[in-house]
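Order of writing sets the labels: A, B, C, D, E and F. Residues in every chain begin at 1.
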Amino acid sequence: MTERFDGRRPDQLRQVRFTRNWLDHAEGSVLVEFGKTRVLVAASVTEGVPRWLKGQGKGWVTAEYEMLPRSTHTRSDRESRKGKVGGRTHEISRLIGRALRAVIDYEALGENTIVIDCDVLQADGGTRTASITGAYVALADAVSFLRGRGALKGEPLKGSVAAISVGVVDGLAVLDLPYEEDSAAEVDMNIVMTGDGKLIEVQGTAEGEPFDRAVMDQLLDLGAVGCAELTRLQAEALAR
Amino acid sequence: MTERFDGRRPDQLRQVRFTRNWLDHAEGSVLVEFGKTRVLVAASVTEGVPRWLKGQGKGWVTAEYEMLPRSTHTRSDRESRKGKVGGRTHEISRLIGRALRAVIDYEALGENTIVIDCDVLQADGGTRTASITGAYVALADAVSFLRGRGALKGEPLKGSVAAISVGVVDGLAVLDLPYEEDSAAEVDMNIVMTGDGKLIEVQGTAEGEPFDRAVMDQLLDLGAVGCAELTRLQAEALAR
Amino acid sequence: MTERFDGRRPDQLRQVRFTRNWLDHAEGSVLVEFGKTRVLVAASVTEGVPRWLKGQGKGWVTAEYEMLPRSTHTRSDRESRKGKVGGRTHEISRLIGRALRAVIDYEALGENTIVIDCDVLQADGGTRTASITGAYVALADAVSFLRGRGALKGEPLKGSVAAISVGVVDGLAVLDLPYEEDSAAEVDMNIVMTGDGKLIEVQGTAEGEPFDRAVMDQLLDLGAVGCAELTRLQAEALAR
Amino acid sequence: MTERFDGRRPDQLRQVRFTRNWLDHAEGSVLVEFGKTRVLVAASVTEGVPRWLKGQGKGWVTAEYEMLPRSTHTRSDRESRKGKVGGRTHEISRLIGRALRAVIDYEALGENTIVIDCDVLQADGGTRTASITGAYVALADAVSFLRGRGALKGEPLKGSVAAISVGVVDGLAVLDLPYEEDSAAEVDMNIVMTGDGKLIEVQGTAEGEPFDRAVMDQLLDLGAVGCAELTRLQAEALAR
Amino acid sequence: MTERFDGRRPDQLRQVRFTRNWLDHAEGSVLVEFGKTRVLVAASVTEGVPRWLKGQGKGWVTAEYEMLPRSTHTRSDRESRKGKVGGRTHEISRLIGRALRAVIDYEALGENTIVIDCDVLQADGGTRTASITGAYVALADAVSFLRGRGALKGEPLKGSVAAISVGVVDGLAVLDLPYEEDSAAEVDMNIVMTGDGKLIEVQGTAEGEPFDRAVMDQLLDLGAVGCAELTRLQAEALAR
Amino acid sequence: MTERFDGRRPDQLRQVRFTRNWLDHAEGSVLVEFGKTRVLVAASVTEGVPRWLKGQGKGWVTAEYEMLPRSTHTRSDRESRKGKVGGRTHEISRLIGRALRAVIDYEALGENTIVIDCDVLQADGGTRTASITGAYVALADAVSFLRGRGALKGEPLKGSVAAISVGVVDGLAVLDLPYEEDSAAEVDMNIVMTGDGKLIEVQGTAEGEPFDRAVMDQLLDLGAVGCAELTRLQAEALAR
């Protein structure tokens, strides 16, 4: 059987860990780890909604993603110092927001806003998938916080969300790529799914040669395996 | 059979038109139209490459996308006036660049840079797919320009690229969505393929309910049909 | 008689063309061409006025000008990417706004705002004068749109506006300078006039040697000829 | 005879004062006053030229204009705090630079750069014309400084420059408008001339009704009177 | 006795001058000079307070500091052109604001805002201390202006404020350092005190070697001497 | 004896913890905790120095400080999204840099650059002092890394640095203020000292009433106690 450089099976996740309530102030927070990738997710609840939503009885969920300058192998400049947010940062922030919004019932949330901050403390591949997967956990805690205060109009979570990367490395379809695999991948795909196995988002890119439909199918299968396992781990963490 | 609001079949493209050499100064240019969506694509050739690439004998291709303020139904503020480029603009610029780079042989291009500017003059859905599809035509003309000057080291185009949107509207999988369908779509997907039917990029999002694998498969099929037809129209335009 | 490089007489305009309703969404739009200079002008109507004008029963007209990156002979960077709008862009935007406001009756316009966007698709000298001349046509169409909706309190257009460049090239006073003449001009002047021959704006600059009053007078005469001809062409276009 | 609100004749300047060497560090400096308008002009000399000019044996002169926040009747926000320079500021900076460059021989200046900073300490109309008029004095002192160091290749000043505002107020053509007149003017014009009476720049705008050629001519006459008087005062100041 | 390069005693201020009402429009203004350091301070009064303070019956005082580009020995770029305010500028603006707020009774001020602008026209060390010392004078005049209009609810000035720099140069503790001493200082400290000798702010930094407590004490003593003398001079100026 | 709200003695630190090597990629890193205040410090080593230092055989150390949006009790906007770095952030970044540079021998460091990033994960008062105290530990590890590679020219650390806040709360001088005390403090002071008890920086501010010299002395004494204890804990951590 083809072996991966870190000894994992092709369809095996890295060690995944959720440390809930890592922060004292945030209404929901989790330190999520996918191997060496470490993302601090904070869910901040505020009463009320942005102006353009006012008076409709609906809530709002949004997300921001950013990497600390030395989360990477070599230091990157801070976007605050550059005075503008880069394209990749924007793109991932938008992806996380879309992923979460797919399972939110805004009516049930009432006129409350939840902002999810995903700050990458250490990056080793899969920062956007770890962010989404952790964000669901922090979001669930923030929703519990609102429920405890009697501030909800129903159950705002219609399901759970998890995300995983899949790709083709040296011709082999693999799950949950660390930096070493990611930087060598021929195809790179991120898959976001609900806890009951439906697709929310699929983003696949040929990094080298364009790929055919069979590879596409294989990667979708692999992603389903990974998301199912993450869903199980999320449930476990939230049950603690 | 289910009919679309504009009378098209589910697997039918809007009228697609390429007007090459729409600009007098640019080394390659095309006004590409997908129905009412109208994008002006200019390919600018410059000798030399960005500093970080110098001395490696390779070329560089990059892309920028932007919408004119009144391309849309209601006017949007200019990003130059806001002092920053929005997330969506960044994201699409990056997508176009990746799509083109998938068929470029940088060694063959030599130390030349081609910048592709996609400016949306009128938007009616599918601006990113029209941009990519038109960009390939402008790129091909820019490559011909370089060939005419004897500035190439080989054939830099390893294939052609086309892109199309697919989606689910009122439960029906459809091809090439105009604004009316796009804004009502349950699932929205953009597919970028090579002329020989391989995938370069797949970006699918559940706008409403998460979708299952069968829908995913159906949309991939539809996208393949659309890209094949666009490939034929690109070839026709380039043969004129 | 002294001949110009493109065979025109000193007091002859380039071929001027107005293609009205070039856009489907905008309340007024025109593709204006002065020879190879091509500007897309969109007039966007919105009900209401900026906050500082509210409740006075008056309207507002403003303009923005920008060049596409590859409108020029060699590509320029986008101002949105640079994060700031250049001095020349600001200056021309302000000039266009002033020119239009000189013929607007704000009371008659009612509390409506019209934003004029002038986007230079191709630049071959005279982009600001083509913008102003086209802007009047788009503005007239936007006013008709408002009239059709019964949203006016009177006739907001007190007259028409046209603009033309004049200059001294190789000692010869000439009208409507393309890039080749513009870049070699000793004196460069832009003249904005009403349809009945009054001056709205005169901006003349010695690019090389300072010039005397006789040259000033000659250029003002030439500008009057050009604006009168443009006024005729605008009327013709609006009559179609 | 028609009287002006401050008792001046129509063709009379306000009290003009030049205090040279107002700064200790700058190579040339002057506090220029046109009535209550007070502009501090500093000319900074540096060896060498911007990169794009290097190795051509020519010098460079550029100018920046800015208003202190409380130079005006009511305080304005700082452009540094707004994070961008306004259109008017850009426009005037460019105008001052063009005005000075019209009398500079870059070859004679050698590879030296002179930056002219015009900071408006108090504004009462005519800040751009006071800036240009004062800038010439500071420039002349900076040139003397370079001459003293033997850093010139010839005489870089081909002439002198002065500027004045003219306008029509209550139907009367007047010279050198303070704020009260400026804000009520029907026509507003700035005229930049050389010491020997040639025109460098003419910028006239109808603030209210468009104006006819006879008014244009009258204002040009008035401007010539004002610039001639300013030229005399500059010479006097430089002779001290 | 150890002599300073300019002949002053270690505990002697440079010549300090206050020229009140240097500006015609500002409600309070002073040109303050500490030797060659020259700062123009303007106090601008506006009715009302920032939104977050409304309805509490309290006023607001804030300050902005900036250096003209050629205030320094060699020209610095304008922060407005750089598009952002530097760290040092921010820091000093905040310091001036804090210093003034320490002697303000916001209740007595009523719902009025006073903005203090400190613009350094020429810098020769001690620009922040001259700014604070001058700012108090301009503030006092602005308060008188409000008093004259009957807009106060009591006496908003609980005391006066002055500031001075102290430092160790060549092992000698000295008062009021000009640039030559400042740039060579081993320890650099700014002390802000009330007119009755209390401390508002102490900011000391080892520029070279860390310093011991005895030096700290000596500098605090020296600062008290300087602030007392400045308090006397402020009172004198305000009595004129 | 007067008791503090958390039971500490006036001269007692909160629980201080250093977790070294919290990051896998950084050459030095520490998670430093002062009670609930938690700062992640990363020291990044790069060969070479900024351009303006090149060829002098000296190294460079600089620091950046930033707070995560939800480090605080209520969420703050990201400075990267606001497009500019706030005054407080700038000020603290500069303070940390100065503090470290006071103990660095740049000659011994050789032409190497160390960038210290202090990212506040959770804020409960004293974030700048925790940052400085942790930064020394990360810096020491980065220096060890350079020593291990033989990249040093001597011992670049001339001593150690620690920092602590002191203040007056309800009339009582206290050490190491958490948010509750900090927000109620009458006087707030930050003291930076070397391991051998010398002062590097003193920054004291009257938040309410100005304070007298006796209070100043008492706070300096208290700061010395705190810094001595932190020096001991740093040494212990570095010995592990």
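Rule of thumb we're sticking to: a residue touches a chain if its C-beta (ideal position, glycine included) is under 8 Å from a C-beta of that chain, and two chains touch if they have at least 3 such contacts.
By chain, UniProt protein names: A, B, C, D, E, F = Ribonuclease PH.
Predicted model, so just to flag it, every value in this text is computed and none were measured.
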item	value
Other chains in touch with both chain A and chain F	none
Mean-CA-position distance for chain E and chain A (Å)	50
Geometric centre distance via CA averages, chain E-chain B, whole Å	59
Of all residues in chain E, the ones touching two or more other chains	83-85
Pairwise touch network: line, ring, star, complete, or other	ring
Sequence of touching chains round the ring, chain A onward through chain B	A, B, C, D, E, F
Chain D residues touching chain E - in the complex, by the definition given at the top	23-26, 29, 36, 40, 42, 44, 46, 64, 66, 68-75, 78-81, 83-85, 89, 115, 117, 119, 121-122, 124
In the complex, chain F residues that touch chain E	84-88, 90-91, 93-94, 98, 102-103, 159, 189, 193-194, 197-206, 209-213, 215-216, 220, 224
